[in-house]
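Remarks on the structure that follows.
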Amino acid sequence: MEKPILIREDGLRHDGRKPDELRPIKMDVGILKNADGSAYVEYGGTKVIAAVYGPREVYPRHLALPDRALIRCRYHMASFSTSDRKSPAPSRREIELSKVIREALEAVVFTELYPRTTIDVFIEVLQADGGTRTAGLTAASLALADAGIPMKDLIAGVAVGKIDGVIVLDIDEVEDEFGEADMPIGYAAGIEEIVLLQLNGVLTREEFNKALELAKRGAEQIYKLMKETLHKKYLKVLSE
Amino acid sequence: MSLTPTRQPIIPKIKRETIKKLIKKGERIDGRKLDEYRPIEIILNPIPKAEGSAWVKLGNTIVMTGIKLEVGTPYSDRPNEGVLQVHAEFVPLASPTFEPGPPDENAIETARVIDRSLREPRAIRLEDLAIIPGRKVWLVFNDIYLIDYDGNTIDAGMLSSMLALNLAKIPKIVSIEDDNVIIDKTVKESPLPINLNVVTVTVGLLDEIPLVDPLLEEELVIDNKITIAFDEKGRITGIQKAGMKGIRTSVLDEVIDIAFKKANELHELLRKVLSNPENYMKTLI
Amino acid sequence: MEKPILIREDGLRHDGRKPDELRPIKMDVGILKNADGSAYVEYGGTKVIAAVYGPREVYPRHLALPDRALIRCRYHMASFSTSDRKSPAPSRREIELSKVIREALEAVVFTELYPRTTIDVFIEVLQADGGTRTAGLTAASLALADAGIPMKDLIAGVAVGKIDGVIVLDIDEVEDEFGEADMPIGYAAGIEEIVLLQLNGVLTREEFNKALELAKRGAEQIYKLMKETLHKKYLKVLSE
Amino acid sequence: MSLTPTRQPIIPKIKRETIKKLIKKGERIDGRKLDEYRPIEIILNPIPKAEGSAWVKLGNTIVMTGIKLEVGTPYSDRPNEGVLQVHAEFVPLASPTFEPGPPDENAIETARVIDRSLREPRAIRLEDLAIIPGRKVWLVFNDIYLIDYDGNTIDAGMLSSMLALNLAKIPKIVSIEDDNVIIDKTVKESPLPINLNVVTVTVGLLDEIPLVDPLLEEELVIDNKITIAFDEKGRITGIQKAGMKGIRTSVLDEVIDIAFKKANELHELLRKVLSNPENYMKTLI
Amino acid sequence: MSLTPTRQPIIPKIKRETIKKLIKKGERIDGRKLDEYRPIEIILNPIPKAEGSAWVKLGNTIVMTGIKLEVGTPYSDRPNEGVLQVHAEFVPLASPTFEPGPPDENAIETARVIDRSLREPRAIRLEDLAIIPGRKVWLVFNDIYLIDYDGNTIDAGMLSSMLALNLAKIPKIVSIEDDNVIIDKTVKESPLPINLNVVTVTVGLLDEIPLVDPLLEEELVIDNKITIAFDEKGRITGIQKAGMKGIRTSVLDEVIDIAFKKANELHELLRKVLSNPENYMKTLI
Amino acid sequence: MEKPILIREDGLRHDGRKPDELRPIKMDVGILKNADGSAYVEYGGTKVIAAVYGPREVYPRHLALPDRALIRCRYHMASFSTSDRKSPAPSRREIELSKVIREALEAVVFTELYPRTTIDVFIEVLQADGGTRTAGLTAASLALADAGIPMKDLIAGVAVGKIDGVIVLDIDEVEDEFGEADMPIGYAAGIEEIVLLQLNGVLTREEFNKALELAKRGAEQIYKLMKETLHKKYLKVLSE
């Protein structure tokens, strides 16, 4: 595939978005029956489900921590989620992303409230179109809230990028593949903390600063949607 | 190695008794009749990146099947045919008892029963899927993801597979040079060639009382499950008995009668959905 | 390989058998020294050994069941048992067949007599020529009897098939490969219960009924041979 | 990672003492002399589907070897030779201490010692097994199955391997087109080309007393096992010391003397069997 | 699946407190300043069999990187480029807490951060590594072995990788026939083409106090680690935040300032070493 | 690669050594900080590191032995140690060599002094040029001594071979590849016991005797170097 035009003459992106514009975002919580908490999140073509089980007994027992809950986290892509079929066995990429997502969640969950238990977070990417880890992190955060697990704050994930020299918000797969940089962040907007940060690409210091600001601005929008989604859900629960 | 199941969802003894008592009265905990399927919700092609996909909600059991088509090598004993591969993943978000890892015997059984039931009546025209005969053919990956688990994964998995296969489109072949086949997945051309539809019906047995489409809680108390596949001509295209008790012939007869009746309903549903697929092309939420 | 003639003009099968005729069947028990029970079974070219260990301690312990014995069952094909060499790693097919054979055995073993123990059943296919799971089930049942494990009944396994339109008993590999249907059953002839049933192929309802009757008839013959084999063995033990 | 063995067949202390006392008196629990092999029963070609096979019962140790021949790619550093692969499977039916899974270090050691002892004296004429030099050659799979385990797997495995290799026949090559070699396994043509026979002799040591062909119970009390391979010309073609004690040179000398003598007996047996193989082509039961 | 770490080197509570108290005073247990790297010892090409190799001792952390070049197939989406593969092995001799087995998430993270930081600025001219465009290219294996573990594996691993890559030489191609490329590893010809050097700087954070190049004992008490890669033009070519706390933007700014300064020092070191590599070609002991 | 001349007209070997001559040997102990004991050993181009951890707690516990220490041993080759890159997954060869090296060490370590513990020995081959298992065994023995673990004796490893008909000491990779036999031994020279012995190749009885004598002679030289190395180290420790 040849590199497409990423920034059109009118300054808009290949899908018509402005540089600082998010894709259409959808989210819902409580979509699964078995999980203690669950969420579905779409960032444009990226579609992700997260489920939370716990706090529950740790198995095998010797993994239990005496003073806090263990967090176990799996980020996984469905075999049909990508253009070429993905083998279902966990790739090195999935192992790394499971770690950075877990660490982001550790930063907000009050794990000390549930010693000797585990809180399990399972993320399945149903369709991958850029930003799967950040959409996954958003979904995981919603699922934890849906499970009623106390947290310092919600986390909104979003990726910024540099494409054809322009810093843009919420890059999709084409922009990731043909762009110059992809910088996913996880942002706890209420406490103003960055809980996930990676950069895959090349940026000057100034570009980095600009990208980070844009990412935070984007994450704040998503954070607001998350609050609304949870609010709506609670109202619904209360009215039932 | 197969082991007597030990790590199962726990179901309190009192509930177990309730379920049994109801069934013996011809009733069920969710209010269904013994020969009644749970409500079925269908979303077609929710995953445009897959060559075909279908989301099926059977009561609270949710299954998503995605079809991927890749270029590959044929089996040496069938050099001029495409290759069908059915996989089932019971991912841990679907149930508190599932662990991450390679498919266990239950996921493998689900995939293999669906695979055989499709393969034997030649539901897919694999002979039309050769690209360079003897060398390069289409590989059809039928990947079944169990997303929420409340029993009867085979029937839900078969329905979503059959729908996804019917919707699947073959990517464009851009060029063929020597054995090098270049395809363009962004352009989908002809549909995957389907000969006929197949459905499975799973019937549980408790003290020789048959019950259709068992819930997970029912699966934990019943003696057996019998899955029977029927094609749209009414032929039996696969059977699988599961469960740790024996069955008498007369009971088996009764089970097949019921299954045949329910299979007709499911075929009717398939026809309805596939004659107006656009009605089912909704978003997931 | 081209499809051979499966039903000859004289109505007999490619190996000269009548449609309702079993292949030559051989069986023996107590053939291994280490196992608590063992059996060797031949259905024509299909040759199978089964061994039983137990009831014995479960390892690791947390797998033990408080109210019954665990059954662990492995169906495995030797790498030289097939025309093309089989990889020794367990295939998906072997995993599935281990399960259906285990479930068939669960239907007859009085597992409640041995709580907190395991009964291990290991089946090795030495040569595969059709009907390996059913010969394996027969051998497993004999090995359990040889181990002195109390059972409701013995199980005889046999496969029926449809070849060139004819329903036939005890199909071999060629008939399986080029035929229209393969239906293995496990039958406890004494209590008249079907404990294993699979169909791989296409049958009408009438054909299914006919096939099942033929299978039961064949299983009854095998069941009789099993009884005789065990009887001979006990007489031999008594006379020693 | 290799660990000091922990899960071993348990042998009561009193029996352990008996075994030791007997050996020191020059006797053994099964009545054999120290330098005596257990009785050997041989069945040739019990597995017609294999290209060659042999069942060997050495006392209560039972080993079956099957030879499979497949068409494959040569090693890049030996492009014009066939490939020999020796595998040993210690399947769980052979012993209460074996678990299902990939071969452990004992199975791997057994296979590798037999492999080396065959390979080094060029027991098989691999150079005659090229089909398309540099591209396609015969792969010789020598698969050793341990079926009942009562010690000394290497000698039994080597005997059954040597017999199965001698009996193996190469399938017919139907056609060769480009690199595509079509074979017909139902027609077996020329025998696998064997240069010479090899046997191994395993000698145990207890307090410097050598004992030939140790039983499993003996293996559990002795200090060491030394396996020595001899070809039919009397040359040493492999050695493996196993066990957790050291050996003095003078004792090693004595061990080799004994092994040499016993190897001649085993070669004699091979000659006897292979000169009249039909006498040993019995059924398994 | 990623789990909260449970099996960690244990560090007594009192030491933990000391480390924290010191850092808050701007000091460290090994006497360094907060923004100071540990001494760095470098040995170049200690492994002549590798195409390039470098041993880096960063305080007590020892890392050895070996570069191997093999002929292989390009990625289908970059048919005319060589392939870079970065692996890290945390072998059990490096730490009492490492177990044998496939790389865990920490080894994988180390390898992937180094991989990305090299790949993104095109540190290696992969486009010059095609042999037969579209068919055969050089595979560059960058294998990082952690030999003694005292924290900050990424910076040490990156330094040794960058040095080893700079030293690597491409083996001679003897002949190309069809797709068959014959090489001679004993003759090393042109150097591996390097575009520019990259270093990483890892900064720990404890209560928002940044400390450069954390020791293992420091890693066990700090809140976060941020690794930033810089190329020799001063551009950021990769970032990875690790650790279970959040960071405020202002603190992150400060971290990047420090990292930029330290990156210049490391680039200076690289230049010094690579301008006189023979000075560093010592033996390992 | 074609077979080179292994024995030159002047009777010397391809690298100028006499038949009974060792390659240049280097060794040092205590080279790693984390390990309880460690050693580095070079036999010509063969470079090996060994580390010892223990005696320490066994994990998982049920592996512990009531009357002695467990020895766990891993022989492993770095992926860059060989001419063609080696996959990091343990090969069958590495599994076998881990076993024979462990058994050699069992013959000298006083394991009964540390019941219920484990002594872990990790050997990494950094560069392979013939004799890696024997250099590894030498390094492991030194590392155990460096860890202060009581032993009956030190073990020196060395391989002898037959090349172009001549029995030679300490064969390197070329001699191994193109020679007629490779016979690695582990020798506890103080107690005069052979603790490792393998033969990969063909020898007459007389050649074997000659090879074994030569190997013992070579091992004695290495044994002396080992003693000196440890002595120097202790002096250094004492003087500190």
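Here the chain labels run A, B, C, D, E and F in written order, and each chain numbers its own residues starting at 1.
As a convention for this text, a residue touches a chain if its C-beta (ideal position, glycine included) is under 8 Å from a C-beta of that chain, and two chains touch if they have at least 3 such contacts.
These numbers were taken from a predicted model, which means no experiment stands behind them.
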Minimum number of chain-to-chain touching steps separating chain A from chain E: 1
Common touching chains of chain E and chain C: none
Chain whose Cα centroid lies at the greatest distance from that of chain D: A
Most distant chain from chain E, judged by the mean position of its C-alpha atoms: C
Separation of mean Cα positions, chain C and chain B [Å, integer]: 27
Rounded Å distance between chain D and chain E, as computed from the means of their C-alpha atoms: 47
Multi-chain contact residues (two or more partners), chain B: 1, 100
Junction residues of chain A, two or more chains touched: 74
Chain contact graph, described as a line, ring, star, complete graph or other shape: ring
Successive chains around the closed ring, taking chain C as origin and chain D next: C, D, F, E, A, B
Footprint of chain C on chain B - complex, ascending: 1-4, 6, 77, 103, 105, 108-109, 111-112, 116, 120-121, 226, 231, 234-249, 252-253, 256, 260
List of chain C residues in touch with chain B within their complex: 1, 63, 65, 68, 70-74, 92-93, 95-96, 98-103, 106-108, 111, 181, 183, 188, 191-205, 208-209, 212, 216
Contact set on chain A toward chain B in their complex: 26-28, 31-35, 38, 40, 42, 45, 47, 49-51, 53, 56, 74, 76, 78-85, 88-90, 120, 122-124, 126-129
Touching residues (chain side chain E, partner chain F) in the complex: 46-50, 53, 60, 62, 64, 66-68, 70, 87, 89, 91-96, 100, 102-103, 141, 143, 145, 147-150, 185, 283-285
